[in-house]
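Each structure below appears as structure tokens.
Presented sequentially are two complexes of subunit A, the first with subunit B as partner and the second with subunit C.
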Partner chain A sequence: MGADFVQFSLTPILIGSLAAIACALPGNFLLLRRQALIGDAISHVVLPGIVVAFLVTGTLAAVPMLLGAAAAAIVAVVLIEAIKRLGRIEPGAAMGVSFTFLFALGVLILEQTDTSSVHIDVEHALMGNLESLIWFRAEGWGSLFDPAALAALPEELIRLAVVALILSLLTWLFWRPLKISTFDEGFARGLGLPVGLIGFGLVVTAAVAAVAAFDAVGSIIVIAMFICPPAAARLMTNDLATQVGWSIVFAVLSAVLGYVLAGYGPLWLGASNAVSAAGMIAAVSGVILALACLFGPCRARVGVGAG
Partner chain B sequence: MDAATLSLATEAGRPPLAAPAAPPALAVRGLTVSYGQSPAVFSVDATFPAAAMSAIVGPNGAGKSTFLKAALGIIPRLSGEATVFGRPLDEARDRIAYVPQRASVDWDFPTSVLDVVLMGLYRRVGLLGRITGSHRTTARDCLVRVGMADFADRQIGQLSGGQQQRVFLARALAQDADLYLLDEPFAGVDAATERAIIDVLKGLRGEGRAVVAVHHDLSTVRSYFDHVFLINVRRIAEGPVATTFTAETLQQTYGGRLATGHVAELAGGIA
Partner chain C sequence: MTSLFDALLLQSGYNAALVAIGAALLGFAGGAAGTFLFLRKRALVSDAMAHATLPGVGLAFILMVALGGDGRSLPILLAGSAVTAILGLLAVDWIVRHTRLPEDAAIGAVLSVFFGIGVVLLTVVQTMSAGRQAGLEDFLLGATAGMLFADAMTIATGGGLAVLAVWLLRRPMTLVAFDAEYAASLGLDTRRIDLAIMALVMAVTVVGLKIVGLVMIVALLIIPPVIARFWTDRSGRMIWGAGLAGGLSGYLGAAISASAQDLPTGPIIVLVASALFFLSLLLAPVRGVLAALIRHLRFQARVHRRQGLLAIARGEPIHDPLTLRVLRREGLIRPDGVATDAGRGVAAKIARDERRWDIAREVHQDAGLTGRYDGLTPIEEVFTSDEIALFDRHLGAPRPVRG
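Entry: the complex of A and B
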């Protein structure tokens, strides 16, 4: 655990953890609102938005990417409504079709575009480029106190740190309205809470997390982190705050364990090449969920739908 | 205040409220709500008196819950407005406690009974205010009033239907409102819970507060309520139970779906 670790593994692990936290935080509320698939949907829809934003601006800067993703989300909503009304297709199917179509469209545009100068292609869209986000200037743990080295940290790390911090602050600030409107929408409206705005804000923050994480870690992690850590956390406790705490623990655990397993697991098994860190992180989060399903203390669902 | 309200107030052994022009607890004008093509509630006017218990009565699909929710702005209305104690709805939020249908929430939500009751204190505690010991005492007192004191730390998923309804009522009590609006508070609850709830509601009326409940059990309208509002998409009738809850208005409301003998029995021999 010396200089090599700081240079090659520290930043990818941190980036993976921050991306996981940023997605898991809103994921808790989306899950309880039975909107968990919105995370899935968002991560699909952002691809064409980001690609078109890149084509237009020529950069992968955060603001055009967010605008592109937002535009894609609006197109998706219009498309879903159009399919529902014109085709008389049920909402779930209309959503599924629209998101898959838009993602496929994004893949097609990507393949037809010269994006060789930047980290954006089909593989990166799925898996991100976590392994390449190394801290080139680091020479050891001492670099953590070296301003010049710190200035050369991968920008993805800074971006995700800021996003994770903002999401944590928003969750803390709006905890009570979020909790009340998630549990009992009618009561929340009776109190005069702006329930629609709260729900919209939640989806927007989820989208911001998805877009920020997308470039670094790819859509597989985004999809997995919206659902797996919160779902596993729900099985550990019957208290919302504790659930959110567990989800962060599981998110970080998935990122760290996944990254290490991807790097060293195949070697331990006698294979020569490391496997995709993003794929392994998502897989670990799935295993954690499976273990929570089997052994979590609060898996008994008492009183569901009881008259 | 109209004559009916005054007579109710004196009946209950209290002096009539001071100002003769005291506004009704809830007044609704021209309320129309539509889900898709045909209206669920059409151009309804209604007035619910202060310091009284009012029932909203009508057949299934008559728009009872829709009317209540739209009056409170919980679902969008096509037209119409509501005033609470003579004030616009949004200026009177602190004086309203709304108890939704029990089945409208997911009881698997990770929270405890006491926590749900504390939600009733939200408007007093605010966004970031600290929940203090006195808030917890208030919440526990509300649980005592509905006979749920021993369940404070229970996960809400472990409650029976009747217990769930009592917790919802305790949360409304914590709001310390002047107007209590309840959507089917007796639906699917055991007899002991129904008794406990009606006792609490009558206690609220005794304190001069108004209670408005969507109610589906015609046989208890006379014993529970002072005032009745009959609805079937449109307003059919409203007024004191004694004079309004008659065979004629019931037949109008239920469109001949009730047997004549049953109606006469419900209407208490007036017909």
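Entry: the complex of A and C
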């Protein structure tokens, strides 16, 4: 736990955890609203978003990438809604049509343009590059108090910290309307709450979280964190606040354990190379969900005996 | 252009032709099998299965290398992917049956976790002493460039077998997809047929991995049935329509991709299917957007025509420009807005029908008939001429409309 750890592992673990929290928070509400797969769809359409943003601006700077990805996410949500309404197609199929179409478009544009000189490719988009987000200037735990070293923190860390903070604030501010409209839409409408707006706001917030996290950790973690920690938390409790709490615990646990297992696990087993941290974080979240499915105190449906 | 025609006519090389035929068969099987999934409202289960193939590919490779092979045998890689795809499907079913999590959450969880494990295995493969790039990344997005003859043959054969299976199982699968309880009451084992549907979906997914890739293979299972749904309400036609749409997408996509550089097969196939989808969304005869628009405009015109004629009958002025346009087009009013003889005649008839309806509601006890009053259905379509004559006796003689 010395200088090496601070330099090479601290920031990826923090980034992974923040990304996990940012995705798990809206994930709780999406899960309860039966919209869990929105996260899946959004993380697929981020690819065309960043490719088009790159073509338009010619840079790989963070802001245009994020704007492009966010725009693509909104296009996807609107497209899904349009197909559902215009064609009277069931939501799952509408989602499948939209995200495969946009993803294929992204891959085609990527292949058509000369992006080989720059670092965007599909595998990077899927898997992220968590391992490379090291804190180059750090020389030990003391660097945490060194302004010069702190200024050289990976920008993804700052960005995700801000996004996670904003999402926590939003969740806290809109807690009551979110809760009411999630559990009883009719009642929420009766109270005069803008139910449609709340739903759309939730999806947009989720898209922001997905886009911010995606850049650093890849779409696998994004999808896994949208769904697995909230799903596991759902099996632990019947209270929404407790569920959100559990989901954050599970998200951070997956990120930390996953990163450590990916980085150090193979060494313990005698292999010489680390494996994909993003993949391992998703795998650990899956193990947590599996344990919750087997032993969670509230795992069974109401009216069905546990077992 | 000539290279495209060459490719379309299967003239651009033996492998390209084989890939095009394979993609067409695969698209056909995918569309037909996807129809059963679509009707069962489980379209996205296939996405979980597709992503769950990745760890199987990695494991099969590692196993082959461990046993001393070079790890490149396509049939074995595909067999490995099939095993984990089934595990993924079983995991989704188990979660839905044994916990209170909804199906979409189960799908998302299985999809991301299996895919994550697959990525971990891929990084293991990359660092293995076998050392070489195994080309397993091709399974993510599909790659037909440089495909071996044996691989193309495997895909074409697999596609053909899947089509055959769809044809053999079409009747029981339609029954179950449509009305599982009725099928059960006929003595069919619905659980087994459900499994057969899933096996078929798995076969299409696995065979398609090399061409379309696991991220986009679901397009071949989801988009064609959606296309077919626009054109027909009959399940039989939908199966073959979806097969046709899928086959066309596969064939056209593979041919277009073979005709030029930098046109990856998987995305092109998906984009061709998407194009067919958007065309259907726009142009389909009953469910399409254009048809709905025309229907709406016609309805609007009928309402305006009637309101205008009632106004004429009551001697009220008409101000609405659309109403004026509709009446003018039929020659019911003159350009200056005054009713023509024909217009006054039709107006008198409409006004009289309106009074007949009033009488009908008084003398006729059958609410099922009088309830059909919507202001647009001609009274002759609801009541017999005898009944209308009865109403007329209450009404007295027709009254003319003054111009």
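For this structure, a couple of remarks:
Everything below uses one rule, namely that the second predicted complex is superposed on the first by the 266 of 307 C-alpha atoms of A that agree within 3 Å, B and C clash if a C-alpha of one lies under 4 Å from a C-alpha of the other, contacts with A are read in each partner's own complex, and residues count from 1 in each chain.
The rule is short, and it goes like this: a residue touches a chain if its C-beta (ideal position, glycine included) is under 8 Å from a C-beta of that chain, and two chains touch if they have at least 3 such contacts.
Because the structure is predicted, anything quoted here is derived from the model rather than measured.
In the superposition on chain A, the chain among subunit B and subunit C reaching more residues of subunit A is C.
Once the two complexes are overlaid on the shared chain, A:192 sits against subunit B while remaining clear of subunit C. With both structures placed on the common chain, the touch criterion links A:273 to subunit C but leaves subunit B unconnected. With both structures placed on the common chain, the touch criterion links A:207 to neither subunit B nor subunit C. In the superposition on chain A, contact of A:234 is made with both subunit B and subunit C. Looking at the shared chain after the overlay, A:173 reaches subunit B, while subunit C stays out of its contact range. When the shared chain is aligned, subunit C comes close enough to touch A:281, but subunit B does not.
Looking at the shared chain after the overlay, A:255 reaches neither subunit B nor subunit C. Of the two partner chains placed by superposition, only subunit B is touched by A:183; subunit C is not. Applying the stated contact rule after C-alpha superposition, one finds that A:6 touches neither subunit B nor subunit C. Contacts of subunit A with subunit B, set against its contacts with subunit C after fitting on chain A, overlap at residues 34, 234, 298, 301-302, 307.
Residue ranges of subunit C in contact with subunit A, taken from their complex: 38, 41-44, 47, 94-95, 98-102, 104-105, 107-109, 111-120, 122-124, 127, 137, 140-141, 215-216, 218-219, 222-223, 225-226, 229-230, 262-264, 266-268, 270-271, 274, 277, 281, 287, 289, 292. Considering their complex, residues 32, 34, 173-174, 176-177, 179-180, 182-187, 189-192, 234, 237-240, 242-243, 298, 301-304, 306-307 of subunit A touch subunit B.
Looking at the complex, you find that subunit B touches subunit A at residues 69, 72-74, 90, 93, 96-101, 104-112, 116, 119, 122-123, 125, 127-128, 155, 157-161, 171, 181, 183, 188. Contact residues of subunit A toward subunit C in the complex are 31, 34-37, 39-40, 44, 83, 86-90, 92-97, 100-101, 103-105, 107-108, 111-112, 122-123, 126-127, 220-221, 223-224, 226-228, 230-231, 234-235, 262, 271-276, 278-283, 285-286, 289, 293, 296, 298-302, 307.
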